[in-house]
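When the chains are written out, they are named A, B, C and D in that same order, and each has its own residue count from 1.
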């Protein structure tokens, strides 16, 4: 089983819409997915960091995966994150993902316990041995507090434990080295979690981008991607700079809320204002945007001509 | 419901014995608990960091709590950790702990998502509202990557959300300020997770210590505690210095393994050599001690006259 | 006094050639400068981090500045770093730089004492009040352990304390925001210290790059810059990817030496092999490359067709 | 040349009194030293972090050393810090210190350039080879951003490059291991930079403490030291807890100023209020206490019965 040859493009990490009671709002999730597909996304990624996965119970995670796979119904690949503290717990999530029929899983390093690079490799070996779904390594040191170092990545590739990497390290120099790894492993899929330098990501030769802001403006990112594909550098830059202004919705509540609450809350508030999801509730203990912050997001959407 | 007035002393954070198949070894767990009680511990703490809680599935966590509460059978208080990424998941663990009948729960800040101090307080409010078991705050920045700051702790106290704190921050100056908080809140229980400065902890006026090394030498820590209680400063220091040498079992594999694997593996290897637990298996992806490392631990136990 | 309107391009941060006795090798310094000018650099930057400024005595710093200004003799602008722990010491260096006739000074935040953003602004005010030379802010958190935050940069601009910024933070997303500041302040000069993403730097709209590797291959960076200027995206990328392979000279000794010794030593060893400087000595306590490492650098130069 | 056998006790790191023009206030410095000697200190330490050494020019540093040595006139040992970025610069300071006749120099790791442990050892070798004054290693990671690791310390001892260590790492567990090194090297002098756990420092067996707060209340620290020496545990603790309350003078301006400005400014403001030094000026770019903050310091001094 593998992702189609040539997989790439814009694969937004979906937010997880919630009801006022902190349950999964499956109607909103379906609307969100349909809006993404209508805009032409090349894939969707559920249960990533942007999906607030660590805020969900096991039951809720299963709901997100099952609803997503059924809604997409094979129109594009569905990627699912396997974010949990350690191997035993990840194996449970992996089994659920495989049963649901996802096209790939996205696997970060374990966290809470301080581990080393050899133990990261063991983790990937254990998950790889347990499921028959392609694995994409997820490099997200800001949350797991350890990097998947370059020799580790090469070892994972050498053992054919992974088919790609999603890099959210924020280190473009290292990312460029990762992209150049494709010269040796042409089928290796290289994705970036950046949302403000997506034009550069593609210019360096990456396969795809996983921008959280793609939840709010999937059409903008498609324009950016098409401009790049057409070799239209100036238009790609212009579109990216426009999206940078839109991205300020995640800065609106930065003084009051934590970085994650400000980011996820900004995306959810915008999606609620756009009529796609029903609430801007975020997982506890994060707090949702207040009325003044909602109004600021509305202004930014208006200036960006999305409202 | 509350811990008895005057609760304090040595409350070791128990390791979680595992079978070769990474399941809970309940026989070993029972033997470990009986060994602790025989040595005279003042309480036990299960599902802490030393208990490798993040390596256990929800089912396994429940097993540890239920076996522990049944085995202790009221002879000393049983504390249980509620370590998970966020409120929704912690509430599930909290319900299990309450049903099992633990005497207190020990609650760290959420992790993975970057949160702030206000969100830590929200987390405690939500857990406090959901259960009828005393809560002890767990300050462990090395794993959750955020400190419970002093104003936050005072707010938790002010709202009567917690009955105590277990501090594993490694910052003795701040710990001393925490101890002095008892001048204003005399019933506030102050515990330290340190194992090499337990004499100092008590000298500063703390109520108790939660030393991982207490798994291996509970009698030594009782001698230390009794010496302190009797005002015998010199004997307490001598005992602590002896325990520091024993603590080198956690340094044996430091070059090869991660810090947590080296620490937990050292404790489990010693307990296996002492005949108390059956394997030195640690949770995946951590790796167990190899033969050469086991032999080094044996030497240290012999030098420490425990073997 | 100001830099000519439209200043930009490649401005390499020169290494400081040393004799076996750790004194400034002024002959080598002159040869290095002539080699740079012959390759067509748009400016030179002396006494930066790459210049090992913190390894030099005050007398040696003055020598570097005076020799450099006399050798360049107005052919391109000369920028000089003002790297020191605090205001009083920086004012001494600033006076020397002004007397020597540099075209701009490059000023980082103070270090050793933990300072805050307001104190960074005070530092710039004090230096600005003391000299009549344009100041470029130098953002280098890896060495001074504090960032010049965005509001601080805007305040420095608002008070007209700086004419530009050299960013070595490694954070391209923030750098892009800095570049966009030029929309409001068109004369604001934005330079990056990156050497492996110089094509991207210019694509984002920056004025210039300050690549340490430019010491070794100034012609390559000029080709890259000309390709960008001509809108030849593919050629710029190809040249940058070639320079990335050359940059591995700074990784040769990474296991044995510290990051700075490995980087500066790699550059100096290459320059010695190319016959431009006379030794590969680095400032104490850093250690120079050994014979095996020199041989590896030679191989890389051969593969890169520089030897 | 060596410090007298049995050197130890309280050795305060003196602040550096400044005039309104940021010059050394030598009259105030002399009064400060006399006040310390009158209180019975066992030694003084000038040009440490508390002495704001990095804020002083080379000329000012020489003034501080020369005035201090002349004023003390052999009544107690004088220790002088050698804080600078790298070997070449430290050698200049070392020559000045030797000529002035200090009894020992206190040497931290170099900073700004990222170095490794081997280079720290080279640094000590170079300084040791250049002067005939005992060297005390200075472990201060908060400012130099690298620790002197335990194997490095043992190597420095093995090569007889140092006679002692001053530890300001804030890690009491590691400090205790350092103290136990005295079992193997009985003449090795172990000092701590802590000021709020000085009783514990001595209880662990350290030789001395270097508390910044000793500038303000040298008599209090002498009482604490005498209580420890007399085996009076309870009185030592009581005195230390009193000094903790006095230490809040360094927290008064913590919201407005940087950590170092708040700490040094608190000490200097108190000394000015006590009539010992003439201004509370701190080195630029740090800002001095404002009127409201001065008033708060006065209140704390009154509550502590020092005013």
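Assume a residue touches a chain if its C-beta (ideal position, glycine included) is under 8 Å from a C-beta of that chain, and two chains touch if they have at least 3 such contacts.
Only a predicted model underlies this, so the values are computations on that prediction, with no experimental measurement involved.
Student: What are the chains that chain B and chain D both touch?
Tutor: Common neighbours, chain B/chain D: none found.
Student: Name the chain whose C-alpha centroid is most distant from the C-alpha centroid of chain C.
Tutor: B
Student: Which whole number of Å gives the spacing of the CA centres of chain C and chain D?
Tutor: Their C-alpha centroids are separated by 36 Å.
Student: Between chain A and chain D, what distance separates the C-alpha centroids? Give it in angstrom.
Tutor: 50
Student: Out of chain D, which residues touch more than one other chain, so two or more?
Tutor: none
Student: Can you list every touching chain pair?
Tutor: The set of touching chain pairs is A-B, A-C, B-D, C-D.
Student: In their shared complex, at which residues does chain D touch chain B?
Tutor: 170-173, 176-177, 180, 194, 196-197, 199-200, 203-205, 231, 233, 237, 241, 244
Student: Flag every residue of chain C that touches chain D in the complex, lowest number first.
Tutor: 22, 49, 52, 54-58, 60, 83, 85-89, 92, 110-116, 118-120, 122-123, 126, 142-145, 257-261, 283-287
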